[in-house]
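Below are two complexes that have subunit A in common, paired first with subunit B and then with subunit C.
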Partner chain A sequence: MNFSEYVFSAPYLHWLISGAQYTIIIAGLTSIVSLIIGCLVCFLHISKQKLYHVCALIYINIFRNIPPLPFLLFLVFGLPGIYTLLTGNIFPRNTVFMLLILGISLNTAAYLAEIFRSGLKGVPKSTIDSARVLGLKPSDIRLHILLPQALRISFPALGTRLIHNMKNASIALVLPLDVNHMEVMGQAGRIAGQTFTWAEPLIFAASVYLVLTMMLQGVITFFSQGMQKKIVCQN
Partner chain B sequence: MLLSVSQISKKYDDQQVLNKVSFEIEKNMVMALCGASGSGKTTLARIISGLIPFDAGTLTIDGTTIQSKDSYPSSLYGKIGVIFQEHNLFPHMTVLQNITIGLIKVRKFTKEDATKRAAVELENMGLGDKAQQYPAFLSGGERQRVAIARALAMDPFLLLLDEPTSGLDPLRIEDVFQTILQLAKSNTTMLLITHHLELASAAADMYSVIDNGTLSVSQDSSLLDTLKGSFSSSQ
Partner chain C sequence: MSELTVVDILRVLLFGYPLSAEFIDRSYPVFLQASGGLVLTLIISVLSFSCGMILATLFASLLELERKPIKRFSWIGTLVSVLQIGIRGILYVCQSLPILILVLLFYYLPYPLFGLRVPAVLLGIGAFSLYAAVYLTQIFRSGFRSVPQGLTESSRILGLNHFQIFTTIKLPCALRVMIPAIVGVAITVFKDTSVLMAAGVAELTFTSRQLSAASPGHYSVVLFLVIALYWAIASLFSWWARSIEKKVTIYGWGGSV
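Here is the complex of A and B:
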């Protein structure tokens, strides 16, 4: 093992640090986008409008059951061909990073929609009754009574899914991203391509994921425990 | 007449839960409603508080008449203070927030005024030091008294208590018992649904017994004697 030569030397360390930064950026962006899409799909799923409910059900079943890797490969290599076939135009260039964010987000959002839905279903109906007899408007009940409790119920599962989402960023290794947008696994592969040495850069990349996911786990546990201890019955 | 229930009927599937129930409550009056489990007491409470519709009859609350086909007027929510069996406090809010949310969102109090009003109600209930606690950290009796404080803070014209001592241990029953007696002495108009015959006898001016969906009303507490032996007087 020679970490000083293949990891901690120029320009490899710079590549790996840039890769670690992009791992965080990909995880952050996909988390935000998937939270937004997941919320929307959840509201469609619980809608009394049958069409909305069915659309959400189809979305969840498709994106939860297709592995993210073939879906991303389809987005990056299959979609441009279909686009050209249908429109006669060439698919816009430099969209791989955007398609990566979209692909991972669509996959994660399908799980988040179900996590949010179970959270909403888990709120005791009795507290909603209480809010109604107090005279709160439906919008106030949703905002101040339903959502805060649903978030507390779904938070542990949500955290686990966001950790999984962060690890999904490593799939970017197989996509033709330019070197400035590669996450840490991609940069490790780049070093291996130049040095024919896989072990050291891969161990570094795995360590980056380990540290990042453990940090995220710590943050989630901190907030989760803080929320739970307020509402767990002591009697 | 503050509350008039006239010929109210309610069916769940094939089961007739309420059968042409009629009674009236005047201002400053306390009416006790007793009956075995499953006799229709809670269904009646939920109809009066606007949580479920009824099949036939007329409900008149403070001059507003509601027929079975009408939807419950939203203006009446918040004007009947309802205390449920299970207190139904919002678990993610402090005791103070539980009380102020209705004042701020429904009664349009400023936060400062709502806090002052809540503090007065909590002080009256002997819970002045519990304002910043979460419901999970209170005893069953304290939670029930917070629920009473929350209802009273809204200045309701009728207090509807649905088995407020149910599920409490004897010490906590005594807490709630004394609180309800004080409310009765201070001329609070109440419909007191209870299994606790001693409380019903001590607090009420009018007594009613419901059996298989049919209601009997009397000004004589001896009506409750028909229930003795059906269930313990200390429940």
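Here is the complex of A and C:
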């Protein structure tokens, strides 16, 4: 174990820190994209139209049952071939980072859609009925009655899934990202490729993930406690 | 290079490339070396899930051990509390780390730390056992807590001993609640074995990389087949699990853990 040579020396520490920054960036971007896709799929799932409902069911079934790593490999290595076959053009270059974001988000969105749906289902029907009796418009009911309560119910599960989402960012190790867009595992692998030592950079990367998970967990606990307090006050 | 058909690709994906005799290492089971592809993925998932169940039983029973009965023997009490702190630490760290990092830690650390050379398959099974055990421990603990206190108390009044209470009252009640979550962990372990590719274990995803290196033109087809295989097995399993769940749950009691 020689941390001073392989982790805390001139270029390597810089690489690892930029990797840690990109881990956070990947986690943030995928969270946002997956929240958007998850909401859309959830709306499709609860819509009265049979076709939309079935589409959402198929999406959720597919993406909950395939592991993210082979799916990302398919996006990065398999998609260009299919694109060329269909359109005759060459797939645009330097899209690996975008495909990474897209792949992880599509995976997380399937889970998020289920979480949102169970949150909406958890709101008691009598609440909505009484809001209707009081003369609220359907749009007002959705925005001010249904949405806040559903969010409160699904928040713990949402937080767990977002932590999983951040952990999934480590899969970027196996993708051919360019050097400036690698996350911390990718940078650890890059150091290992130059120095033939995996142990020290790997331990550094593991502690980065440990700290990030702890921080995200803390933030989620803080917010969910606030929400619990609000529920108590309202009652 | 000869042209590959879909049947050839599927055969390699299912069973992996055949192992030549000179590479066989007699120091650990040959079936782990001779198999590859989907078969090896399934073997690893089953083995590590079973090891995980055993480990989780151990962890959960140690964590739930009451301090009172062993207070007299003070050094046993100290040992138990030290073990409990250790298990809590392991659970916390393994829950916070991505499975890819856990696998790579298992793969790269034994040699520089202890000078051990262990085959990658065994290390992978070890990592996944721990990964499964961490989640199963939480499920077991909350499952057994969900058994109402009154049930065990009344069975004690009826004259059942501790062993009888456990096997006939606590275990069946807790299992009903736990089964969906346990199956969920099994599916997660199966899906996440794809990560072992990074440690060079010849499972399904790794075999697809080998195949693509042998015939680069087929990469789209190969990867599509890989995803389809993972999807088929995982959804078959979850469909089966849902039918069990319907049979086992009692309406209005328990619920998800």
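Quick note on the criterion: the second predicted complex is superposed on the first by the 231 of 235 C-alpha atoms of A that agree within 3 Å, B and C clash if a C-alpha of one lies under 4 Å from a C-alpha of the other, contacts with A are read in each partner's own complex, and residues count from 1 in each chain.
The criterion applied here is as follows: a residue touches a chain if its C-beta (ideal position, glycine included) is under 8 Å from a C-beta of that chain, and two chains touch if they have at least 3 such contacts.
Note that the structure is predicted; figures quoted are calculated from it, not measured.
Room for both subunit B and subunit C is found when the two structures are superposed via subunit A, with no clash between them. Taking subunit A as the reference, the larger set of touched residues comes from C, when subunit B and subunit C are compared.
Touch criterion met: A:T127 reaches subunit B, while subunit C stays clear of it.
Legend: residue contacts after superposition of the two complexes on their common chain; A:F8 is shown touching neither subunit B nor subunit C. The three-chain arrangement built by superposing both structures on chain A places subunit B and subunit C 100° apart around the Cα centre of subunit A, to the nearest 10.
Legend: residue contacts after superposition of the two complexes on their common chain; A:F223 is shown touching neither subunit B nor subunit C. Shared-chain residue A:Q149: touches subunit B; no touch with subunit C.
Judged by the touch definition given at the top, the superposed model places A:P70 against subunit C, while subunit B stays out of reach.
Legend: residue contacts after superposition of the two complexes on their common chain; A:G135 is shown touching subunit B, with no touch to subunit C. Of all Cα pairs spanning subunit B and subunit C in the superposition, the closest are 21 Å apart.
If you check the complex, the residues on subunit C that touch subunit A are 93, 96-101, 104-105, 108-109, 112-113, 187, 191-192, 194-195, 197-198, 204-205, 208-209, 212, 219-220, 222-224, 226-227, 230-231, 234-235, 238. The residues of subunit A lying in touch with subunit B in their complex are 124, 126-127, 129-137, 140, 144-145, 148-149, 152, 227, 230-235. For subunit A in complex with subunit C, the residues that touch the partner chain are 1, 61-62, 65-67, 69-71, 73-74, 77-79, 81-82, 85, 167-171, 173-174, 185, 197-199, 202-203, 205-206, 209-210, 213-214, 217. The residues of subunit B lying in touch with subunit A in their complex are 46, 49-51, 74, 77-82, 84, 86, 88-92, 101-102, 105-106, 134, 136-137, 139-140, 150, 154.
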